[in-house]
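Structure incoming, see below.
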Amino acid sequence: MPQFVLTLACPDRPGIVRALADGIVEVGGNILDNAQFSDPGTGMFCVRTQFEAPEQDAAAIREVIEGKVSEFRPMVSLRAVDRKYRVLIMVSRLDHCLVDLLYRWEIGEMPIEIPLVVSNHKDTRPLVERHGIPFVYLPVTAGTKPAVEQRLFDLVAEHEIDFVVLARYMQVLSDDACRKMPGRIINIHHSFLPGFKGSKPYHQAYERGVKLIGATAHYVTPDLDQGPIIEQDVVRVSHGQNADSLVAIGRDVERVVLARAVRLHAEDRVVLTGNRTVVFA
Amino acid sequence: MPQFVLTLACPDRPGIVRALADGIVEVGGNILDNAQFSDPGTGMFCVRTQFEAPEQDAAAIREVIEGKVSEFRPMVSLRAVDRKYRVLIMVSRLDHCLVDLLYRWEIGEMPIEIPLVVSNHKDTRPLVERHGIPFVYLPVTAGTKPAVEQRLFDLVAEHEIDFVVLARYMQVLSDDACRKMPGRIINIHHSFLPGFKGSKPYHQAYERGVKLIGATAHYVTPDLDQGPIIEQDVVRVSHGQNADSLVAIGRDVERVVLARAVRLHAEDRVVLTGNRTVVFA
Amino acid sequence: MPQFVLTLACPDRPGIVRALADGIVEVGGNILDNAQFSDPGTGMFCVRTQFEAPEQDAAAIREVIEGKVSEFRPMVSLRAVDRKYRVLIMVSRLDHCLVDLLYRWEIGEMPIEIPLVVSNHKDTRPLVERHGIPFVYLPVTAGTKPAVEQRLFDLVAEHEIDFVVLARYMQVLSDDACRKMPGRIINIHHSFLPGFKGSKPYHQAYERGVKLIGATAHYVTPDLDQGPIIEQDVVRVSHGQNADSLVAIGRDVERVVLARAVRLHAEDRVVLTGNRTVVFA
Amino acid sequence: MPQFVLTLACPDRPGIVRALADGIVEVGGNILDNAQFSDPGTGMFCVRTQFEAPEQDAAAIREVIEGKVSEFRPMVSLRAVDRKYRVLIMVSRLDHCLVDLLYRWEIGEMPIEIPLVVSNHKDTRPLVERHGIPFVYLPVTAGTKPAVEQRLFDLVAEHEIDFVVLARYMQVLSDDACRKMPGRIINIHHSFLPGFKGSKPYHQAYERGVKLIGATAHYVTPDLDQGPIIEQDVVRVSHGQNADSLVAIGRDVERVVLARAVRLHAEDRVVLTGNRTVVFA
């Protein structure tokens, strides 16, 4: 039987789970995995349910379920598990995150489609095209930034992109661009936020003498490096490592943290509540 | 409003979640936290639900809910959150896990009651009694083991013990004793199982030259060190540490791993499926 | 044979290791463990050597070795391994770090002497005195702070204290106090610095939605939470934990990180190079 | 100035460090990094020293130093840092470790040369050749194994291979083959040894219900999965992951652990003492 993933978020009130369960039963569904959470901070309730149901249109299922839960005025998403999200990857010169995402995608580990890769440098074109993925070169200068961002969103529309991944894309998006796809642009920052915001975080980390370095995957917002955090991890370092060594060690954390965040988002496991994320891992 | 925790396990079939949600609505409940899992390996469905409901008897709530889900023939447990489990702790001479559990209990971090501590040595009596907890000295010799175990289970009955924690209790329980309280005796083994079963695991670890050592909290079964694992963790070591250093380093992992396992069990977050555990962390 | 630990730091120049080895041979010593490091950032060379040598006065050994290396104008420390450092512990109300240090000390895991514990609250007096350690109550108000700090340094002098441990001591030391014992006051901060400086770091961490929380042990300097870092660690948390849960989870990291830092310092494994530490773990 | 790495291992006796320091001074050297260790278990002393010295032949330096330390009858290795080890990589079908090693090599992170890759399958040929590295296809059947191994050692001799890396090479080497290059063949095993030796370790891990899975890089010996461990690491898993998910998660640990082990060996940071390794990280 085909599987579906539903997420739902609304103000918390009694009866929402029964209404949802009613809807799933009505479409002949059987719940395989379910996780829900009531956030005391915001009073929000959110749930992620994976269920199997007889062959039918996702839109039809969604309509039935939305009918059952309409009084709670929830935000609902429903996706057939075999309908993979379409992801646009952006990258600059450093390609370790891109290489990693493409490899995972190639061996079937990452449940996404990658209709295109966009870069402000030409360096990664051969790599991208070798994977059979179109590469779009969009150089950025101070003057062309608005036009470039317009072109970017045209590409998003044209290719029906579900979300964007900044895989070490070193240009800061304008506030407008950040606001256009809230919760749909994932960035990897090469530090354990909120430590070492801004540029050259490994050099900052070296100067400060930290004993662990990390990486943070977060949704992009107009506040630089302040968006909701999806995933973080760290690795131990020592006095023996200089800033360059930290850069090399950090690559391993960056690519794993970004890959986890992309997978979590691609499997509808991340729900936003204010500036925090609920992650149904 | 008072809160309740329900766990339920049964063969997986459609409709169980709705039936359960029906029951919770019927007692006026509002779900705060819910996690469920269908185990493909065993075909078992299990769920943990925490909900608030108007003041009423837990038994009454349970009856209503069991009525709703009876066709699924589930195993159900229901507990009012403020009804803490009663735990009997057993210990031998090494007291680091006991000290840790008592401290967590004392500062209100560990949601259990500790009606008594049992030991085959007298060493920890002052520590235990300083916490206002009765201490029972039950020395064991080859000949007295059956009588001692009988006395132990009498204490369990008399003090209405919900589960037993072997906090570095160095006597092996008889098969009969293990079978009497399945899924209700937690042991801490001082290695990352299945590596280094049996005695002197740190010395085995030193000989083998492993780069990480660990600890494992598991339910006790007649097969020594083979019971279902609740929690594990590891810590990095180096060639510079001899077996004695590993013992010292290992204490930190043991006490944290055991404390996590006890808390998980005390909060009804562990469900057994065959020889594996589902942990709703 | 008795063992000795020597540390030495000086500007890096060829020949220093041979001169040092000469000295050790001259006192009949045999090196058991040795680690050294040339810091490219500061041009400093530092070394920690543990050696055994026939029974003799540490001062005599030191004189011989300093004679050999004098041309390098190094800072040298030498300690007989069985001469334990004398540590003054300061604490406020939260006692988890103190409890932990005292337990480790009691079972012989922490190679220090604890001549006294000082607190600005009376809460921990029974705990401290039960361990046979004098407890000094030094309450602090805005007006008495200078006098209290004077009393503190009198106690340091009187009890021949080698270093001070702030085990969740919630008063900020004055700049003067910080400068009096550079590299000899260890603080535990309850966040992964440089993130969440200042007060209520767990509440800051909750608001920011980080996926790992941590603790940092560092030497105290006049710049609050900016001193050289000795040790850090983190633990994973999730959206399900509120600020209070983070406080509880953080206790486990704090006590382990502080204990490691105290042990590292007590074993002469930490050398300062500017605002960074070289840790010979 | 050019840099050199020296490692030395011998029975522990006083004077060895001075003799070594004498040698380094005699060749005009300045020690940059030094770590040594006396293993109480075996009575072995071992040291790794990195030093800079005026331009000269490594063999000449070695001769001077060996002259100084000859009375200790040590095993000595000396390498100019810019003389990279030549590594033969073997692989079967699963290419994640190979992809990872080649990427690190390509971006200059892995200080080795890779004169050729050998496989018993043709799958990875395009990948390897795209990196400009010769690919040798050596299929193995029960009957051809001795001939294949002979061919392998011919390639080792012909290409002046320093060490061999089994990057998920799924054929067991014969005892003879293992003995021919002791301490010079590195294997990655996809479990946290000594748990789950042999085949299908992730399936074993799933059955056992462990809460962490791991990977182990070790030197190959005739005892399968029993050789000296160089590096290990683990990652947390949950009941929600089936054996296939563990395989996917495990890939991340395998490639990082193998890469670390190769780098450690390539930088002469691993010294064998019996069946254990001293790792000067």
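Note that the chains are named A, B, C and D in the order they appear, and that numbering of residues resets to 1 at the start of each chain.
FYI, a contact is a pair of C-beta atoms (placed from the backbone, for glycine too) under 8 Å apart; a residue touches a chain by one contact, two chains touch by 3 or more.
Quick caveat, the model's predicted, so the values are computed rather than measured.
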Reference chain A; chain at largest CA-centroid distance: C
Comparison of A-B and A-C by number of C-beta pairs in contact, larger one: A-C
Chain A and chain C, separation of their C-alpha mean positions in angstrom: 41
Approximate Å spacing (C-alpha centroids) for the pair chain A, chain B: 36
Touching two or more other chains - residue numbers and ranges from chain D: 33, 37, 238, 240, 281
Residues of chain B defined as touching chain C within the complex: 33, 96, 99, 103, 107, 109, 238, 240, 248, 251-252, 256, 281
Chain C-facing residues of chain D, complex: 12-18, 20-22, 24-25, 28-38, 47, 236
Residues of chain C defined as touching chain A within the complex: 37, 39-41, 192-196, 207-212, 214, 228-234, 238-240, 242, 273, 275-279, 281
